[in-house]
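By letter and in written order, the chains are A, B and C; residue numbering begins at 1 in each of them.
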Amino acid sequence: MKHFISPKDVISIQELLKEGLAQKANPLKDRLLGKDKTLVLLFFNSSLRTRLSTQKAGINLGMNVIVMNVGSDSWQLEFGDGVKMNGDKAEHIKEAAAVIGQYADIIGVRAFAGLTDREEDYKELVLESFRSLAGVPIVNLESATRHPCQSLADLMTIEELKTKPKPKVVLTWAPHIKALPQAVGNSFAEWLNLLDYDFVITNPVGYDLSKEYTGNAKVTHNQKEAFEGADFIYAKNWSSFSDYGKVIPGNEDWIVSEEKMALTNNAKFMHCLPVRRGLIVEDAVIDSSNSVVVQQAGNRVWSVQAALKKVLEGV
Amino acid sequence: MKHFISPKDVISIQELLKEGLAQKANPLKDRLLGKDKTLVLLFFNSSLRTRLSTQKAGINLGMNVIVMNVGSDSWQLEFGDGVKMNGDKAEHIKEAAAVIGQYADIIGVRAFAGLTDREEDYKELVLESFRSLAGVPIVNLESATRHPCQSLADLMTIEELKTKPKPKVVLTWAPHIKALPQAVGNSFAEWLNLLDYDFVITNPVGYDLSKEYTGNAKVTHNQKEAFEGADFIYAKNWSSFSDYGKVIPGNEDWIVSEEKMALTNNAKFMHCLPVRRGLIVEDAVIDSSNSVVVQQAGNRVWSVQAALKKVLEGV
Amino acid sequence: MKHFISPKDVISIQELLKEGLAQKANPLKDRLLGKDKTLVLLFFNSSLRTRLSTQKAGINLGMNVIVMNVGSDSWQLEFGDGVKMNGDKAEHIKEAAAVIGQYADIIGVRAFAGLTDREEDYKELVLESFRSLAGVPIVNLESATRHPCQSLADLMTIEELKTKPKPKVVLTWAPHIKALPQAVGNSFAEWLNLLDYDFVITNPVGYDLSKEYTGNAKVTHNQKEAFEGADFIYAKNWSSFSDYGKVIPGNEDWIVSEEKMALTNNAKFMHCLPVRRGLIVEDAVIDSSNSVVVQQAGNRVWSVQAALKKVLEGV
């Protein structure tokens, strides 16, 4: 695998999933694979799970891991072409990416959507700049439109917990006070579509995700109908794709409640975290034994470890 | 040892002290003990000595050490029960602690007192949340009310330097411009009480520490009387416990001066650092050959290394 | 080598240059030299290349590397003698340097010029404080007046690329919107003077660097004349030394342009980065095949690795 930016980089999702579970069963089995290789992790945005799990995965593979918060540890980066750099951005991505590529064998990049310019966000300017300029493999630690390390961990969790060959998996929008990117929702849909699940997306009117990511998945604006008979409820907020980056007033009643969970087939509750209790989900749901959010987060080590392994084998 | 949060977690203070001195004599003697174990250090507050010494101790024990500044690297955490999270805190401690516990074999936590609500601070909400929720051992890197790694290093320093079986050790309040927590004072008192010293605490009226920590130690509001014949002067500022978190005007004359040091038995000068010169202590005192503040800080490696060793043996 | 603060610390520049190229040819040849040694890197200012390359170099030498952002990770430091510390600075360099020296075998320090008080900056208060107080070797990661790791990498790059024994090397001032330190310019001049190049410095009137650093180098205020026949153009902005720290209005036409590069002997374009495109240099120049800025940045690993090796051999 040359990069791990989107599922398009993955030769076999099944094989990658299997590798994730193998890493979990034996975390140090490839400890020599990354020996004397350097993994540089660049954070343009805050991170807890990704920051810690990716460091741990790199260490498990024997790599040297260096972490940098772009903008505070180093400089603000300019991405525009032909710009006269007389503002607050001290360095251009053209130099930064090429230089970091001199120090790293693999670069992990987290860079959220700006949520002001849809076209720019969906061009994935930051990740694609690193891909084209750094000269080394890039791992997506959540970009403007995708979060593949999360989605792979989510799939691992579903595979571990499913009790039937083709479970009903529901991705439900849930309320939040801030405008959030569509990355997790997009990515979950994109990856789910690659496996044979009964996959349903439910969100309020105005919150439909891009067709490019949801593909042929069933989309309904009726949350209760979607929950009926579900085996997995995956909650996530995102801002509007059509009215880009906007929060549409109302919809607070889309919270994942005990009452709605009662409609499901004793479904597991999933969320990528961090989660706002009392907005996204009721305490009673996330505190119940059906909540698997910590298992999901734990699987973040093994999903990125599997991806890094595949990339290292190609280095 | 299951955790290292307070002296109550320690089976034998004498044995732990001995281990600290043994680590100092042979820093790499347990370099295999922590192999392939991950130490995650979480800083809710600034840190120099604790940050560096704990990383070094973890490395000396063969551990992989990952450092995270909570709030800037990751998310602001909510600690309230049943809160509707519609403010600036993006993640609840219930998820954060459990998730970090998935990645760490031991978690070190620094979280200072807020100094606005005494009851809340003295409940040790942050540390106790990690203890109950993380599922792995917790090491206290200074909490709202205690700083055991510091106190153990202080005891090591006294043991190294004492010239009589039962030295007179004086903890003296000293002036500062900001309201500081009581943690170092509390903790020093709590640990000193466990050994057979002639231990005296002196502070202005209104600055008595909690009886829960000072126990049967002698407390006097007469600083000069306290200094007479002392073998060790340990200076530290703290804000009021009774008028919680307040700085009581006046008391600038409580600075540790050459004149006062002349009353002692050629006492060693101690402070946990950072120290405000000209407020807490005169330059002439801290620059004198009787000042042992650097030796104290150096011992921070060995105190936390001893504590980590004991915890690792229990993992 | 006891420290690596200025070229005066270096016994033989030729030998150090040779070592840098040897490290580049075989990055892990001294991987046992730094085993169980701790390199603490202190950043008072932002850094990308220095931060990453020095961590990598330390790791290549087998060292344990610990990074700290002074002021945000830890405390603001006071450097004044005899100051009553009642401001926002919580710790004095006297304690901080000595304490960090307890934890480190080598300390790397980045501390830019303040640009308000020339005498203070040129006394190199921060670096010299660490040198005199820490008790361990200090490596200069860019100080108020020098950037030796950069200059050594620059020399390596010139040595790799020169096509004649004595190339013409031109250091040219170039425009910027902010007041920048003179460190890179000073240091480049200081190091270049140690080798047998045809070395010319060109800058606008009012921007002459200190004679202490430029020595006998030819200085001209005629940029075009300087460019004629040059083999290497090294661009860098700095604020005024004579009108200390000031930006003199005008001089935007000092940008390194294609037109000016046409005057040279097909010169390589060099810059230490980060670089402001459209101010310092035209896109067409830095994007041309004659631009060697990435190679320069790559050499930062080997220059500091050579310096660390020499220091380690003296530890």
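Quick note on the criterion: a residue touches a chain if its C-beta (ideal position, glycine included) is under 8 Å from a C-beta of that chain, and two chains touch if they have at least 3 such contacts.
None of these values were measured; they are calculated from a predicted model.
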Angle of rotation relating chain A to chain C [CA atoms, steps of 5 degrees]: 120
Self-contact between copies chain B and chain C, residue sets same or different by half: different
Inter-chain centre distance, chain B versus chain C - centres from mean C-alpha coordinates, in Å: 39
Shared interface positions of chain A, touching two or more other chains: 72
Complex interface listing, chain A residues touching chain B: 28, 43, 46-49, 51-53, 55-56, 59, 69, 72, 177, 273-279, 283, 286-287, 293-294, 297-298, 301
Chain C contact footprint on chain A (complex, rising order): 36, 38, 40, 64, 66, 68, 72-75, 78, 82-86, 90-92, 94-96, 98-100, 102-104
